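Each of the next two complexes has chain A plus one other chain: chain B in the first, chain C in the second.
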Partner chain A sequence: MRNLKTTYFEDLQLFKDGVHLFWSAVLILALFTLPFFVKTYYLTILNLMAVNVIVALGLNLLVGNTGQISLGHAGFVAIGAYTTVLLLKLGVPFIFAFVAAGVVSALFGILLGIPSLKLEGPYLAIATLAFGLAVTTLIGRMDFLGGRMGMNVPKLQIKWMGLKYDHALYYIILSITIIAVIAMRNILRSRIGRAFQAIRDSDIAAAAIGIHLTRYKLYSFGLSALFAGAAGSLWALYLGFINPTLFSFILSINFLVIIVLGGLGSITGSILGAVVLTYLNLQLENVVDIPLLGAALYKFSEVFMTTTGIANVSWVLTGFILILVVLYEPLGLYGLWLRTKIFWKRWPF
Partner chain B sequence: MLGQLIVSSLVVGSIYALMALAMSITYKASEVPNFSQGEMAMMSTYVTFVLLSSFGLSFYPAMLLTVGFAFLLGLILEFFFLRRAKNPTPLNLIVITIGFQLMLYGLAGWKWGSEQRQINLPFSESKVIVQNDVFALTELNLATLVIAFIVLLVIYLLIQKTKLGLAMKACQQNVNASKMNGISAYRIMAISFGISSIVGAIAGVLVAPLLTLDPSMMWDPLLKGFAAAVLGGMKSLHGVVIGGLLLGLIENLFGFYISIEFKSVVAFAIIVLVLYFKPSGLFDKHYVRKV
Partner chain C sequence: MNKHTFFEVVQLNKSFGGLKAVNQLHFDVKEKEIFSIIGPNGAGKSTVFNCINGLYQPEEGQIKFKGEELIGKRPDQIAQAGIARTFQNLELFAHMTTLDNILLGRHKSMKASILATVGLSFKRSKAAKEELEHRRKVEEIIDFLELEAARDQFVSNLPYGKQKLVELGRALALEPDLLLLDEPAAGLTQEEREDMIFWIKDIRDLLGITVILIEHNMQMVQNISDRILAINFGTQITIGTPEEVLNHPEVIKAYLGEDLPSTL
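Our next item is the complex of A and B:
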């Protein structure tokens, strides 16, 4: 039973052991065969989850692994989405539009990183927040980007083994998500990833052992924005319509909540957080439909609250769950998973 | 025209200053920017609204009860949620305040719906009190300025001249040392949250007639207050107040002379620019950590 890494080579492995490799392969296979068994509605949920996973991976790199904070990630998602749509409208193939979305977003990330190098804590929070606000306001003013009204996303022309559009979209998003997860794992187990973690743990010590703080902080901002931009590109495809109000401050907060709920500085955490929170948000939207509890809530609302505002219960519950997770499991869902695993391994001790 | 602009900037700026002060008090106590500040103020404003319209209380008793409610709300946040976190990182605490904010937002929407309401203060929005060549001042504007000034003065006296203020400062500088000197750090923290909630509630009541009363009304004042606090330097009391007034001034002047749509963006851009040269705000000393 080993939980700690004892050699350098273990730190470099992509998969810890055969068990991990096996179950990862099973999961990927299951996800790829899923469209043949379930309704399209579930695929759209999975698409949304996958997009959130990609943003969460990027944000977790910045917040969890490098120790910076960002309240403006919705801005990067917006940049990715708008770049994609603009290029698609010009007739550029999706694959190039997708790459361009990531690259443009990463450039903006580096641009935001430059004034943020000296800042920390709430000061950095405000700088990134300002960036997010600026992006949506500027997009709202530009007519060739559709202004406040937004614009339609051109449908992709997919003629590929006779797949339905929904299925094809699902496969595109799924493949990119898997690539993103593996890429993030590769970043974290390489020299760059270890430099990020050194900066998070102590920037002075990191500088003392020869890590170029400026360069690596900019890398972190850039890579994080790259993931967000890529996710934005996919999100635009998934939604079919974009406008600036989609990319509000609330969305940035939502991403932050995802990674804290899932577990800071962990890839598994990003995935778990994105999946669970997306599902929770969707389920809590129609809280009245839950059997028994829904009826009781309705009665309660009639007597003490208003029945028109009953949808707001979802906010209360989300907030409460969030607080509970942070209070009782500071490492998030990933910490819960670790504890469960260790509990069964050590049982009955 | 410029005189009028400056006066109205001061009015808006004093509300920002109140929100900034509220943010600053809790930040100094706990190193956490309290994102639920706005929603706490919104809740308190709804309480004032209910006391005024449903219970038919007159303004001053209603305000007194609101202050009590706001204090209690701050205590609840600290006692039931923040205090319960084990070895928290600042980010964990921030997420707790976000969770509390979502809860309050949901509760307000559940209880009062998202319809917009009008709150009736005894200060009229249309009655002009001071009118001369340079500027005109309505009753509400004057009341805002006076009340904000009184609140700032009271907070200043509280922190500088009382035993409680001394204990608050001690806890900010060194929690362990103040515990050893017999200060209950937890209690001081809870009281700090209560006081900051009161300051926020007063800002909420003052801003409510300008906006409309709905669950999301404090979003903008909160962000502006936070930005103002950062501009002045989160930990400097006079800094955050000056930051608030400055932000109001920048916004209004830019909005009038150049473009009303970009006024928030430019205000934020200027803050980022200031932070680039002064990473801890205008009035706060920038401490570089030593090994």
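Our next item is the complex of A and C:
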């Protein structure tokens, strides 16, 4: 049965009906009780997934919703991470260091957004690529940021009802991720989000209905960088150690793969993409252990797919998955999700 | 000093390279008038709209709206000033629903900041209140243009005639004082065209919006216009009432060619 809407607000509320609310509550409850049932190793994976979700939300806003491109998002993550660590070392409480990470990153985002007003497509891609490389190169040359050797991240002083440190970090990261998802969902449903999508679909028409193109493109870059910076801050916190090589060009590409795999312009897509690809990246290394196929893949990647001579089976497989997505399901995992939903709604017809 | 003209184009010039697309064009439009611009293909009609709308910067001339100079302003500032338009080849937000397209027409009237919109899903938030208030206005437009069935559909899935209406709805959502319609009936069926004529008349009579339209269908132009401007090669042929303009020998010549007997 279809539920009929009776007020316009029903289009704005977070949960469309009781069933939706129930399952969301179950999921959140499960995530919050998880630390009591699993080993710390799995929490680390969940942390990494959560951080990737936040970056993906931001990048998808820029790429999927505004129609711009960025090959330098690892740079924003780095800026967020280093801002946090620097402030923590100066004795600033984490909450302020976290906010500062987002703000500083957003300012850099706006700065990078300025060339986007003149550049399009591949030219913008090159500019953002250069930005990402410049950030890590510059950090590597700054001694007060630890240079190429990196820095230790000070541990937080958390004393919450005898909670273990790892558990506390997990709760902080999980809570912030949930807030980020809700915030992004609301922004995208609002006049601001609609303006971004208008620019993507037709910038002429967007201007003709009164959208200030310059301002909104910069908003999009700023917001996108804010999410990346916040994610960087959390990443530094649970890694415990950061250095410039963490924020390589490959990481930026990885973020792009997440949103393409998940589904461009969709929040569900950002979440699915980040969770699935993070898991795959960790598991694909094990492909080598499969008899025959594993060895063949290893040989293939060693001979044809590497610049350094070290086999990178997981990257080859990621690339293969990406090609499949683009060919068969351009909306990515979100598209798959939609199809499944429609299938069950219409079942058994 | 007497009250300035509602809308006025003064000695407008716009050229692309060596081609003079608009040449010394001069006309004015009175408040609550339906004013048509006609002319053969390539006469410079759409170029005039693009100059008014701020997409093109003319080399010379003035465009005055309620005494305010429009040349040099950005398209979004011109929209803020109260001018809305539709496009000849549809410029819809194709990957969005009809509702979102028309809601975008309310964008300039809404004020919520990025920070405020984060609270959108909470009923008592400022952003939600504002959104609902403008949603009601959009529903009035959907009701007016009979677009209820298309409300939640992606516009790229709608038939062409409906897409034209969505674009008209989006322009109306701006609550403009002046509406520029670029070939509103092109590509429509006979029935859709007759509906369009009613709507354009209603837009003027009920909503009090001044309309300038570009149109090729002479029957429609004759039926709907208070005054007509005929142009060719970017220059004015004649301006006046429908009877005067459509029977003008130069207009007939521009449409039918030089050596044909005038049987229009």
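Brief remarks on what is shown
Definition applied: the second predicted complex is superposed on the first by the 314 of 349 C-alpha atoms of A that agree within 3 Å, B and C clash if a C-alpha of one lies under 4 Å from a C-alpha of the other, contacts with A are read in each partner's own complex, and residues count from 1 in each chain.
Throughout what follows, contacts are C-beta pairs under 8 Å (C-beta built on N, C-alpha and C of every residue); 3 or more make two chains touch, one makes a residue touch a chain.
Just so it is clear, the model here is predicted, and its values are computed rather than measured.
Judged by the touch definition given at the top, the superposed model places A:204 against both chain B and chain C. By the touch criterion defined above, A:190 reaches chain C but does not reach chain B. In the superposition on chain A, no contact is made by A:240 with either chain B or chain C. In the superposition on chain A, contact is made by A:8 with chain C only, not with chain B. When the two structures are aligned on the shared chain, A:93 is found in touch with neither chain B nor chain C.
Within the superposed three-chain model, A:133 lies in touch with chain B and out of touch with chain C [touch as defined at top]. If you count the residues of chain A touched by chain B and by chain C, you find the higher number for B. Once both structures are placed on chain A, chain A residues 204-205 are touched by chain B and, in the other complex, by chain C. In the complex of the two chains, the chain A residues touching chain C come out as 8-9, 11-14, 182-183, 185-187, 189-195, 197-198, 200-202, 204-213, 219, 223, 265.
Here chain B touches chain A in the complex through residues 27, 31, 33, 81, 84-92, 95-96, 98-114, 215, 219, 223, 226-227, 229-230, 234, 261-262, 264-265, 268-269, 271-273, 275-276, 279-281, 289, 291, going by the rule given at the top.
For chain C in complex with chain A, the residues that touch the partner chain are 53-55, 74-76, 79-80, 84-85, 87, 91-96, 100, 103-108, 110, 112, 114, 117-121, 123, 127-128, 131-132, 135-136, 139, 170-171, 174. Listed in rising order, the residues of chain A touching chain B in the complex are 63, 69, 115, 118-123, 125-127, 129-131, 133-134, 137-138, 141, 204-205, 249, 253, 256-257, 260, 264, 301, 304-306, 308-323, 326-327, 330.
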